[in-house]
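First comes the structure, then the notes that go with it.
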């Protein structure tokens, strides 16, 4: 019997990617699709890459429309999820791609988002220690941010194994879809093609406390995170270059072995063979994360580079992977294990 | 019982795309993978977007290696298919992505390729009148070139309905993967990014006689084709702008109706609603072709624009679609109906 | 003594390019810079590539601000130039980058722009027969559109020499800066990178009558023009593929000789050696147009491909070249003769 | 009287950029152009963006050809400069864009390049303390690497002012032209468009010791450098994100003031106003470096981001700037102070 899924926010990039993946999921039937400013429009005009849904018409994002589904995906600006979830009730699996329920520390939430803390839901990054257990029994999932997905997958094995001092320096390049579909001058093709630029520099990006929270959880101590996101001239993908000071005695071999062991059973996270480095082009459209590690002995730092597709593993794919777990389905069901390359 | 498929030329772009699609095909089991200069290498180093096949090792392209499969895909330079097919025998379905068996006119073949004509195989463009019938009973398929796929799908309804004078003027923009994976200076990223350039101008591209052959077959008369291919700064996709002089009495309505009727039952070819134009970004990674038509009354010309992914519908997807027909499977089985966008 | 120049519309792409070129012009001193919604802002925030003007502040576009200059460049939406020019008086050289004074036929103007015809000014394409004479004595210049520049340069020698039947079929690919700096969803980097798409298909683009007017003037008869513009994933550049039916007796040699002769003395328009084709990457930032010609004997058509930078030769460079003529300066003074490549 | 300049290695990207800048330099006359595999070819076929030199023919790189010039630019693979310079004699200004004479420590040279140390020449980064003095009297210039230019300009004010602990963590994104014009599969447009990837990870890139040498010189103590270069989908530009642990007492204000003071008189290095961040698109084709600084108080780190054009300020522009100083010309003469954007 099919799982009926609704998508709130179906006109944006995250919503479109959720739909692309749901269409390929053998156990899901796509129900209501909602938008706000786009309610009443054909999906074909908004998401022309999804011909099977071209004649679907967006409905307004209301409880009435979203009710009656087994799963509801929320791809909304932050601040809206709590009310929707409460109205839908406990029987529905709510998968929130927004930030509202990611941070555990209420003070941190308020510092970064300026509103009262709504709470915390089980975190949709199954690869983190303990995450699968929490997802198995929940009706509420907080899908991680795209940067936190890339960075946490890159660094958690090092911190879990005690290989790194608790200070990470991360620079990540993201494709422009991470900035959303709202038309802003600095996101015009003319501006971004042929150009790299940073933003949220100096610890100003809201994904910073989420990354710090994840790393602290595995390290068992506070981890400072210097995080600089940059906008790259490509539509999709995150390349995260993550470094941390190596603890005494760490060797290239122990580093590599720790990662191999931590990731051995992961279906979507792949430690590449020595000498091969991840490229975002290889993960486009897939739920994979590709990783490589190095020990810089001169600088005394561990360097880990990860590549994910910000919309797939970084958002919609992570959401469906977590949904599969919460629904008792095979974790990999319906998720793309290959990238579209070149 | 699964169909066992081998791929000869698995290290190139066409081979990689065939593998990507075969991995998602529910009835196919992937057998031998061959390469020439790359024999002995791990596929993971050559096609890093295909982790499920990362540990496969390429074998040399020999009859021994290719024997014992139900289907053999050939993604080889032209001139090699005849010998391979003969050695494999009549029981094996041979799907040739090269040019060897596309042209019917031996003199044309020799003019354009400089070698004796090897023959003609059923043409793997199911949408052409009569094509499905021929594919259903064959063990040999000549997959169309990527440009001929885009142009023929755009113009065949007009010629089949007698709406156009027999002279087509076509300008098509292709992503760089159409030029293959061999490293050549003019294909470097530094050269192609931010730059459009033509090639094979003045009727010099080998896909020209193939396009003319297809259009003549539906028009029932010789059709001259002015074809200019251009290289666009994108990895995938063909946008073909196709025009032909409108016959007397053709109106915008009759034009549109002819296309709507000709394409009504096609699973992968979509005439867009009025006012919406195809973009290659919307078909990336999909087996779809998106079309739009217009009548330019001032110039007296029909204008049809089509968008396909050169590697999917233009090569590997068209190949699997034809394979499905030849094997008696549902034509759409396992083929991507959605693009990866943005 | 320096020429003082003002730029109205200094915050957009055309305005920015005019400023870039004026900064390198040895006889020009940059005076007032105006904007509308951006009045009061630092230019450094709007045009960060122009550090020498970073601390200039935009003023409102008023007659008071623009008065007192020798030259005023107008980079405004159409419909505003007539009033500004009248207010400035006959002593000022007004160089209009908008469409208002390009079309000679009042009925055509009204058909395409929906407003009464304002008149016609000398046309800023010096390479056209007779254009330099008209420019030498004028205080008013209508700078051509970017597509008409690329297409007219490509086809005028053929029509002037009577080599072509009066029907042209043109497909041109433009970089996204041609669509301006206003933020629109379909111009987002996420949408345009990796994607080609057409617009204004079927003869609906406003540059069509301008192209037809130019070609008719040199052909001495009406020329029908089928023109399809496409948006390419690059910030700058136009590649125009232009074809016309060859008149009887035209050979590849006569074609080539006609072009060589017509362009022999042109400082900025270069017929490439046989075998070399133009690429937009080679003209980026330069005032050059690169051309190549071919005769397609099978199709009976002349094919000419031209590459220009839409913002330089296609707008700002053409404007300064025409300004130089009108001011009695050397035509090439201060204009970039080299592209920025790769 | 004009300075006569020869360029050895005129067919590559560095050579092409040197020629582009020399063509715009009012005091330079371009003499011999040499290549190796390309000797005998027209420059127009190799550097189509330089029409004024299109008919020049490349000569072989020999002492005879290079003799008789006032300045000789070397854009050769490392290992060739010493012999050429010796043969040319002390009267000629030799400007070496290769690595041979950059490193002072012979052991470091041998560790990274595997050959005996050839010596050290005055370093062509005029902005470094003491550099202009050394350049004024030299006939030998070692032009810095592109990454060291971007990173040193970003970090030297912090280390010179004693604001940072001696450990830098740098991640830099480079356009593909930094990898040169030799055709390699991983540099194909199909591979690099839409994809970011790292290389030389873990301290393996040869620019690392050069960066460390520069920073140590201003810091007065050894500085460890964790440097990760990444390849970005753009032809030109470097965006360097540079961080270092802030020393006690450093505030955002002292940080900003130190940079403002250190860069106040620099003609090409611009500290942007607060709130504005550098983008490589804004420096394309210019000799500018754009910088912004931030203090991340949570992480305790200084973050400086710089944008340069790897071929201009990062190679050819830096070379001409240093040449100007060595020849006693105005330092800014003939150098582009504006970028080509968008």
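Going in written order, the chains are labelled A, B, C and D, and every chain counts its residues from 1.
The criterion applied here is as follows: a residue touches a chain if its C-beta (ideal position, glycine included) is under 8 Å from a C-beta of that chain, and two chains touch if they have at least 3 such contacts.
Just so we're clear, the structure is a prediction, and the values are computed from it rather than from any experiment.
For chain pairs A-D and B-D, the one joined by more C-beta pairs in contact is A-D. Ranking all chains by how far their C-alpha centres lie from the centre of subunit D, first place goes to B.
Mean C-alpha position of subunit A lies 37 Å from that of subunit D. Subunit B and subunit D have Cα centroids separated by 45 Å. Residue positions of subunit C with contacts to 2 or more other chains are 13, 175-177, 188, 190-194, 233-236, 279, 281-282, 284, 342. If you check the complex, the residues on subunit D that touch subunit C are 13, 16, 20, 23-24, 42, 44-45, 47-52, 54, 176-177, 193-194, 235-236, 270, 272-273, 276, 279, 281-286, 288, 290, 337-342.
On subunit C, the positions that touch subunit A within their shared complex are 13, 175-177, 179, 181-185, 187-194, 233-235. Residues of subunit B touching subunit C in their complex: 167, 169, 171, 173, 175, 188, 190-199, 201-204, 208, 224-228, 230, 232-237, 239, 241, 243, 277-282, 284, 292, 294-301, 303, 305, 307, 342.
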